[in-house]
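Inspection log for the structure reproduced underneath, given as structure tokens.
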Amino acid sequence: QDKPVIATVVKISGIPWFDRMETGVTQFQKDNPDVVATQYGPATADAAQQLQIVNDLVAKGVNGLAVVPMDPSVLEGTLKRAMDRGVIVVTHEADNQKNTHADVEAFDNADYGRALNERLAECMGGKGKWTTFVGSVGSRTHMQWVGAGEENAKKHPDMVLVDKNNESFDDANGTYEKAKEILRKHPDIKGFQTSAGNDVLGVGRAIDEAGLSGKVCLVGTGLPNPSADLLESGAITAIGFWDPQKAGMAMNSVAKSLIAGKKIEDGADLGVPGYEKVKVVKGPGEGVLIIGNGMVIADKANYKEYLF
Amino acid sequence: MSATHLQDAAPSRRSAFLDLVSRRPEIITFIILLAICVAVSVINPAFLQPSSLVDIGRASVVMGLFALGVFIILAAGGIDVSFTAIAAFTMYSMTLVVKDHVPDMPIALVLVLATAGGALLGVVNGLLVHHLRVPSLIVTIGTQYLFRGILLAFIGTVWIMSLPTQMGAFGRMPLFQFESGDGRTITLPFYFLVLPAAALLTWWILSRTLMGRAIFALGGNASVAERLGYSLKTIHIFLFAYAGALAGLAGIIHAAANRQANPFDLVGSEINVIAAVVLGGARITGGTGTVLGTLLGVLLIVVVNSVLVMVGIPSTWQRVVVGGFILLAAGFFMFCQKKNN
Amino acid sequence: MRTTGGQLFMLVVINAALLAVGAMISGGTYLSPFNLQSMAGQLPEIGFLAIGVMLAMCAGNGGIDLSGIALANLSGVASAIIVGSFLSSTDNETAFSIAFIAVALLTGLIGGTFNGLLISRLNITPILCTLGTQMLFTGIAVVLSDGRAVAVGSPELLSQIGNGLFLGVPISFLIFVSAAGLIAALLKFTPFGLWLMLMGTNPKAATFAGFPKARVLIATYATSGLLAGLAGVIIAARNVNVKWDYGTSYLLIAILIAVMAGVRPEGGYGRVICVVMATIALQLMSSLLNFGGLSNFVRDFAWGALLLTFLAVGRYNLVGLLTPNKSRKLV
Amino acid sequence: MRVPRKPARVATARVLTVSGEPPVSHASTSPMTAAAPARPFLELRGIHKRFGGVHALRGVSFSIAAGEAYHLLGENGCGKSTVIKIMSGAHAPDEGEIVLEGRSHRALDPIQSLAAGIETVYQDLSLLPNLTVAENVALNEQLVAHGGRLARLFDRTRLKRTAEAALATVGLPTARAYLNAIVSDLPLAQRQLVAIARAIATRARLVIMDEPTTSLTRREVDNLIAVVERLRSEGVAVLFVTHKLDECYRIGGHAIVFRDGQCVAQGPLTDYSKHRLTELMTGRTIDSQRYRTGAPQAGELFAADGLSLPPSFARVSFSLRRGEILGITGLADSGRNELATAIAGVTPAARGRIRIDGKVERIGHPAHAIRLGIGYVPEDRLGEGLFLDKSIFENEIALVVSDLANAFGIVDKAKGRALAGRIAQDMRLNTGDIDLPVGALSGGNQQRVLIGRWLSIRPRLLVLHGPTVGVDVGSKDTIYRVIQQLAEDGMGLIIISDDLPELLQNCDRILVMNAGSVVAEYDAQATDEEELYQAMLASRPDMQTEAAR
């Protein structure tokens, strides 16, 4: 068949976030029968495994790649080779990716980190000890978020950042243990700003079990469904996220346009909610950076509007 | 026909301490553990509160259960790396079954079935190890991939974020609970009891039953044990079934404590568990070790991992510290043993 | 007593079968030069680590090297930072490349020697030792790079190593094959190799025969470290960047390959050619599954099943039914 | 030391009660003294066994009666161990039948055999190195009592009682510390006794001992013979496999001679002379005269001056000339083993000096010793000497691997193969295929490979520790001839052994060690076994009184 093939490659398959993204890819396929869109992903969260999949897909001969890099830097070499072979490359969550035609971001990372922190400060009443969690110190976006949060907290001189950048490895149990330890070391801690999807669950559980729900504030990236219980109990103050389904559709939409030889202009409409009027700037490499407006901050009051 | 001279030929002339250490290497583990606790308390007196103990106790449960299984296999001269896959497998499929099919299954039955499921997968290991006649390390690398592959490819990958109520309740059920000075509730969960119970059972099996002795016999020399009439097949099947059962139990407890069943969890932590058992004094070549030592080894790893924040080590440095520590402990261990010979 | 020919034969058959199946399901694209090149380019990094694991296993006494990928990453990170601090990868391409390779190999060598020293001098059990150094090496890489990816860039020489072709064959693959050949020769023709294999079968007898045991052990782990350094160079060359947490899944896969190659975990026996063939088999299979669009979880399952099948075939001497078996006469 | 009067009987009674039968019911079959029962206890009929291409047993038949002693004799590899494994249930025969107490079986399994009272002391002892003495001795008794089922409680008091009785019988201590000692910490001789203790810890009907005396000293052998006597008087049959013909005559009983997987003769030992037995076993004539014909050359080659390694030996001094063969003997704990390993650099002496060719040297490591031209053939050839999985070729060149390497570090394999081939010829290995793994050779050939290894570097001094332990008469002959040839060539040799005829036949001088010191020195030609034996026991008051008893 001559239909262009667009392969979406995610960080790891099977987890809720990327399952949600897959619904977007499926939706896109349904809406666009003139392309073949499918999603792939490694079994383990390892950049090397993702790299192998991308390599094999290029060898197989796809027309477009929509990649959510585990680690943008690791993919540079391979993506360059793919582009040299004429494959259209679109990335997501990788605003530093050099070898890409377009990187699609749901929002500006600094804006997002600032927004999370502002919500935290509001809950803390602008004072008290707080700390941050990242998936790992190597995760660029996470570091950007907490970095922007740290910057934002300077507006509130009474907020004291302690033991920052704890690594959670996106493991709820490990995060829980770490959070317990922090609660023990700093009995007067008032706030947590977390980054990886599972962090709110681990920290939230620690807060919940210590009977501190409502007394300690927790704002971080998380998905509405898993966080529902803890949002209800008050252990989680608010969660921030963007909808991976829409991001998946946006990536594929960009890829399809680029394959068709079109260009994405500033203010363009990708036909996906949250990406109706995207900002397009020059990226770090030859490609462009496409920034949407897909940020959502949800709390107990409104999380039910986004059940996934 | 006296043989008094034989008695003085028996090894002597070592200091009493070294002698003790060579018979009970777990003493070294205990000393290291103690030293860390003292050092940490000096650096940060906040460590000295009951909640530390409770947290460490709770954090040891899953690793402790795994370690007991690894230990019993190590004692028989084998190695198992598939237990995490078994745990993930039983944990996830059990939760799935309860959630979708038998929502009001009593928690006791859930635990029993998970244990039985783990044992069943263990039996697969045991049969393979016995019939393929290759070191169990190799077989269990294979079954680790196999079990995990089956779980993720055919059973499911969707995280179960809201557990069936009875499982959630089990994870939250307190053994005791108290309020700390600053108004925080400190809870030692009920499931903590599973670890000492399993440890006692393991100790009892190893030291009070013929099977226990047979396990050490197998670890001493498998072909000799076979010649003396020990049924290797029975031992292999029991061993791996037991370790599998502990893994299944650990998996369910992990899910209940975590309030979610994540099929990606656990796999990847097996080398750490083996390290804990070896730090507890069991030789990697088999035939030695004690249950107490195993528990001490687990505590050692848990404590080291959980005092990093207390001591204020920045997260970029944590791996260096843990790695360096394992080397130091292992070096000290070998130093004491070498001095003996 | 020895079924070495059988193991190799099996691996060759498996590889041939995988290629045939691949050709069938992909309608030929699987055998296209580009895909073959792509697969050949992918396998050296893990292949080097597997040879390292094999060497450690051959030394006996529970020998194993868990620190391989950690050391490979450390080599890349350390070298990128050190060399990057006084040379620029764009201005001085060749000098940068050569310096980068040299420092990475040296780092690997030092790391491996460190393992060897701990194991031979302090008598630390290899599994504990390399677990500890695995964390240590990773930790140092994190501290050096502050957890971030370090850019190496693509200076001419490095990029040739990573992506270049020679007579249609990826240069990285050629490097892998020649390094493997060199190690094979080292094992077969030098005193080191003979000592290593004899020592692996009976360490006590090795002492009595006056072997330089400590030196052999150190050399073994140092070689394994050097190979890790080489893997680090290839990773850097292919990916343009290095990072401390690259390839975490390689740890078990390297052991899997060694075992599939028939390396004896008790020590004393292992063949490099078998490790190379096993690496190729895993690569073929993994690419095959990606081609078939199957989920990567099926790959885990297939690897496990393949390994167990291998063991069963060896155990019940199914190869013996296929190959003419020269039965040795005992005296 | 307390010695229970009839420990074996104590064990009998106990086993009976455990197995659930009242002791009385068994009384009718159990106590048999000299009067042989009507039918044999065990009979083998036309047994065949093949291992791949090897036809190890070709129609073996013999029978064992209660209360009798049997000696299974034959060269290495003639099938002795195999037939034992068939009786103990470790192997199943390919053809033939096993008649046990009148019941015919195609094959036995280990538990069946043990339950019938067939106990085996294997050649490799089959001890569990990580378990305690008590467990090694008495655990199996409980296993057998439960019919091999493992889901049973294990009874510690009973373990202790059984172990104490059995240990006392073979003359080992029964103190708690000893019961709880780990077997791998014991010296070889004691391990052998522990293995024997295990065999008699149960209600044995037939005790099989595969070369049980290889590492026992003469006194321990005497003790063992006493144990055997008592077993026989209780109606227990004993089957020995041994290469020490002298011991057979001391024990008495029947000979069963194997050659090439077949039984070539059986009958009362008294019907056969030693010479005749040797002929039957080997199919050729070997005379047992003194091998030593040459004489030492002038000039000191090696001297030990006040060597000490407390608590094993102290102030040991002696010297050795070029071409001289020095024997060293003593009881197992006399320090002779440690002296041997000290010279070899395995357990370096703490004090004292060693002179080689007049130069004072310190030996801290085996590699040291080898560099100085001192070779050492360890007693435990499987554990410490050979690389079993590796070929004869690789085993033979192990010492010269680095010498065979050329300037580029490449080992010259052709040269190595030529060397190994020459050694194989010199040592008269009975295979020409030097690619065969050493593990596939018989014990005698393995020992020849091990000694042959030293021919590759021609050391100045060769220390042979138990050079013919477990080696048959044919191989012994070869080994002795090689030893003499080496001495002729000017090499100095030290033989550490408790095979006194061996020392008398081969040495110039013999040193006797006792309690860590050299207590006597004899000219080998002017002394005899009796004198040596007395010197080994002398000066230890407790033992003298015993010898008198």
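Side notes on the structure shown:
For clarity, chains are labelled A, B, C and D in written order, and residue numbers in each chain start from 1.
Throughout what follows, a contact is a pair of C-beta atoms (placed from the backbone, for glycine too) under 8 Å apart; a residue touches a chain by one contact, two chains touch by 3 or more.
Chain identities (UniProt): B, C = Sugar ABC transporter permease; D = Sugar ABC transporter ATP-binding protein.
Bear in mind the structure is a predicted one, so any value in this text is a computation, not a measurement.
Which two chains touch most often is answered by the contact tally, and the pair is B-C. Chain C and chain D have Cα centroids lying 45 Å from one another. The centroid of the Cα atoms in chain A and the matching centroid in chain D are 72 Å apart.
Chain centres here are Cα means. That of chain A falls 35 Å from that of chain B.
Touching two or more other chains at once is no residue of chain D.
Residue positions of chain C with contacts to 2 or more other chains are 142, 146-147, 248, 295, 297, 299-300. Residues of chain B in contact with at least two other chains: 152, 157, 268, 316, 318. Pairwise, the chains that make contact are A-B, A-C, B-C, B-D, C-D.
Contact residues of chain D toward chain B in the complex are 1, 3, 88-90, 110-111, 114, 122, 124, 126-131, 135, 139-140, 142-144, 146, 148-154, 171-173, 175, 177-178, 181, 185-187, 190, 223, 226, 310-311, 333, 540, 542-543, 546. Listed in rising order, the residues of chain C touching chain B in the complex are 61-62, 66, 118, 122-125, 127-129, 131-140, 142-143, 146-147, 248, 251-252, 255-256, 259, 265-266, 295, 297-305, 307-308, 311-312, 314-315.
Residues of chain B that touch chain D in their complex: 1-7, 9-13, 208-214, 216-217, 219-221, 224-231, 234-235, 238, 286-288. Contacts from chain B toward chain C in the complex involve residues 81, 128, 131-135, 137-139, 141-154, 157, 268, 271-272, 274-275, 278-279, 283-285, 316-327, 330-331, 333-335, 337-338. Listing the residues of chain D that touch chain C in their complex gives 51-54, 77, 344, 346, 365-371, 376, 378, 383-390, 394, 397-399, 401-402, 404-405, 409-411, 413, 429-431, 433, 436-437, 439-442, 445, 453.
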